[in-house]
Amino acid sequence: MGTVPLLSDDAVSAEALAVFDDIRKVRGTEYINNFWRALAHDPALLKATWERLKDVMAPGALDPLVKEMLYVAVSTANGCSYCVHSHTAAAKAKGMTPEMQGELLAVIGMAMQTNGLVTALQTPVDDMFEAEP
Amino acid sequence: MGTVPLLSDDAVSAEALAVFDDIRKVRGTEYINNFWRALAHDPALLKATWERLKDVMAPGALDPLVKEMLYVAVSTANGCSYCVHSHTAAAKAKGMTPEMQGELLAVIGMAMQTNGLVTALQTPVDDMFEAEP
Amino acid sequence: MGTVPLLSDDAVSAEALAVFDDIRKVRGTEYINNFWRALAHDPALLKATWERLKDVMAPGALDPLVKEMLYVAVSTANGCSYCVHSHTAAAKAKGMTPEMQGELLAVIGMAMQTNGLVTALQTPVDDMFEAEP
Amino acid sequence: MGTVPLLSDDAVSAEALAVFDDIRKVRGTEYINNFWRALAHDPALLKATWERLKDVMAPGALDPLVKEMLYVAVSTANGCSYCVHSHTAAAKAKGMTPEMQGELLAVIGMAMQTNGLVTALQTPVDDMFEAEP
Amino acid sequence: MGTVPLLSDDAVSAEALAVFDDIRKVRGTEYINNFWRALAHDPALLKATWERLKDVMAPGALDPLVKEMLYVAVSTANGCSYCVHSHTAAAKAKGMTPEMQGELLAVIGMAMQTNGLVTALQTPVDDMFEAEP
Amino acid sequence: MGTVPLLSDDAVSAEALAVFDDIRKVRGTEYINNFWRALAHDPALLKATWERLKDVMAPGALDPLVKEMLYVAVSTANGCSYCVHSHTAAAKAKGMTPEMQGELLAVIGMAMQTNGLVTALQTPVDDMFEAEP
């Protein structure tokens, strides 16, 4: 399934296997999800994507759970089924309660709705919303 | 500009003015932004949208700043210029620091990127990401 | 402005001018809107697009006003500012009342909202919604 | 399947069951489709969504079949598979003939095409398409 | 599956069968893929779509492989699963190597990422990027 | 304009200035376009984005002009006005002729159109388009 086959550990290059090892270490699990097994066809792309993801999703000014919910929000608006599934699972693993998930959905639905209304109205941006020059 | 003119307080119906009054009260400002002035052509739609927005964006299991950032994330993925401007301004008003804005952008960029990669790969969803039946 | 300059009647090829003439005749106006003036850089693309548009938007099982509103709906979801402006103007010219515009917006907003909810939920399609094999 | 399990009548709260009952009454069928069974995890979101949908999709200045076709158009542009399935089925139930479905598709295809062309050209909006101030 | 059943050769009209015959001749294969079998419900739409596709995808200033990769890029950004599958297969048939596919994915991911960043920043377009008037 | 002000060379950090210097060196021009001046508010994000872009857009199995056209295709489907402008300008600088631009637009328009048709039809993917397991 998909546009490339999923690669098992035996089938990937040494460079890709090193990325798999780092994913396992950072996440504390043996399981490598399908996205990485598909991306492993291009070890350089796999490595660049994982290194950047690890950096971006680490704790910072925003906590990791908020980051996962932001990821779900973007992925939903882009209609990426795989991403919605994987980052919803990640958000739950990081503590998203059913109440939080319900509010996440409500905000996504509200934003989608007003995105549509504003775009259909082609409302000009208020001056006060522009950053100071 | 736009597909309907913006309505001043003098030009709106009594029903729309009552909504404007509630927006002013809830937000603690006299300023009514353009979106509501455009939507006021249809007082019932204005009222339904505002009532729902007020409810959805209120403090709950998620705090209002997180909700504003989720709104920015969805609006960005949908390419809604007005919405990105207005909800970025709202997020700043609710305490989003430059560091938080930088991380918000980094997560949006990362999610957009992997949304594209996964969709181009058409990777099947891992069983473990599906909710229990 | 734009990625190509807009071409005046004097600047276009004979093939493009023939398309402009047909647009003028079919629409009963001398005015050629900017889209066609930009597209005129590639007369074959201009001609193919206009011929197809003329055909698709003609009266049929759906009336032209419904077709214009469908056009606005798609253009809104795609965030195409030019298209929302031009097809809203066309819909008004074909009889869209403020009440109809209000309902058009309400349906667009509702659809955007549930598109987001369903996508975030990744709800499986009911068997009864599939066409008979 | 999905990011939450589908809830049977036995598993939902009293508030959600009351919404299910209203869906059954309004639609004249015992069948509750999967979207509502997924949304029932958050009874307040379920109720708000259903109440609004019932209102927006009711006969008004636009007839219900036109509204369903607009819903299909938005859902297609957003790539929402579930929504395309369910609202195409609803449109058929409300009288959409094969001829109408063919024209709906042709308009969607045409709009998508010119959305792409205009966006690639970045054509500026004609003054005449702007609403009077 | 889908919103219309797939039509076998026996079930299509003479006009649709003539299109199938041309597809077979141009592509040098007996196989008609599902898209055309679904579209055959509306022979005029089938014919217009195929005739245009044949024209647009023919060798020209851009070679057919580049055109297939552009098709994959657009289809990915639009989240069209069927289109990503079919045009990735077509690109491979026209000589896309694994290295080229890897770079295609990397560019798609990069573009998605900066699309998100620019949209969140709402950066104004540099004057030098505008076409000369 | 935008959600952050554009930063002049005088206003950016040493880390951001080093990125500007590298952009100037690699591109052989003193001009720094607005995207980088906006992104400079977060020097780490600026650096990560530029480093990755430089890598991805370098000559490889695909030539840089093809990569720019792919970038335009994705940016168009995502409706990113800034990106369409900047990468169309880059493609022209790398040799895109008017004929090539015309064909690029024709492919984008065609892909958008069939993306819409397939999504509205919800056509199942042909087995032959799936990668071998």
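Note that the chains are named A, B, C, D, E and F in the order they appear, and that numbering of residues resets to 1 at the start of each chain.
Heads up, the rule we're going with is that a residue touches a chain if its C-beta (ideal position, glycine included) is under 8 Å from a C-beta of that chain, and two chains touch if they have at least 3 such contacts.
Being a predicted model, the structure only gives us computed values, none of them experimental.
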{"item": "Higher-contact pair (C-beta pairs counted), B-D versus D-F", "value": "D-F"}
{"item": "Most widely separated chain from chain B, with each centre as the mean of CA atoms", "value": "E"}
{"item": "Rounded Å distance, chain A centre to chain B centre (Cα mean)", "value": "20"}
{"item": "Centre-to-centre distance between chain F and chain C (centres being mean Cα positions), rounded to whole Å", "value": "26"}
{"item": "Residues within chain C bordering two or more other chains", "value": "1-4, 6, 45, 48-49, 52, 74, 76-81, 84-85, 88-89, 102, 104-106, 108-117, 119-122, 130"}
{"item": "Interfacial residue positions of chain A with respect to chain E in the complex", "value": "3-4, 41-42, 44-45, 48-49, 74, 78-80"}
{"item": "Interfacial residue positions of chain D with respect to chain E in the complex", "value": "79, 84-85, 88-89, 98, 101-102, 105-106, 109, 116"}
{"item": "Residue numbers on chain B that touch chain D, as the complex places them", "value": "1-6, 48, 52, 55, 130-133"}
{"item": "Chain C residues touching chain A - in the complex, by the definition given at the top", "value": "72, 76-77, 79, 81, 84-85, 88, 104-105, 108-117, 119-122"}
{"item": "For the chain C and chain D complex, residues of the former touching the latter", "value": "1-4, 6, 31, 33-35, 38-39, 45, 49, 52-53, 56-57, 60-62, 66-67, 69-71, 73-78, 80-83, 85-89, 97, 99-100, 102-104, 106-115, 117-126, 128-130"}
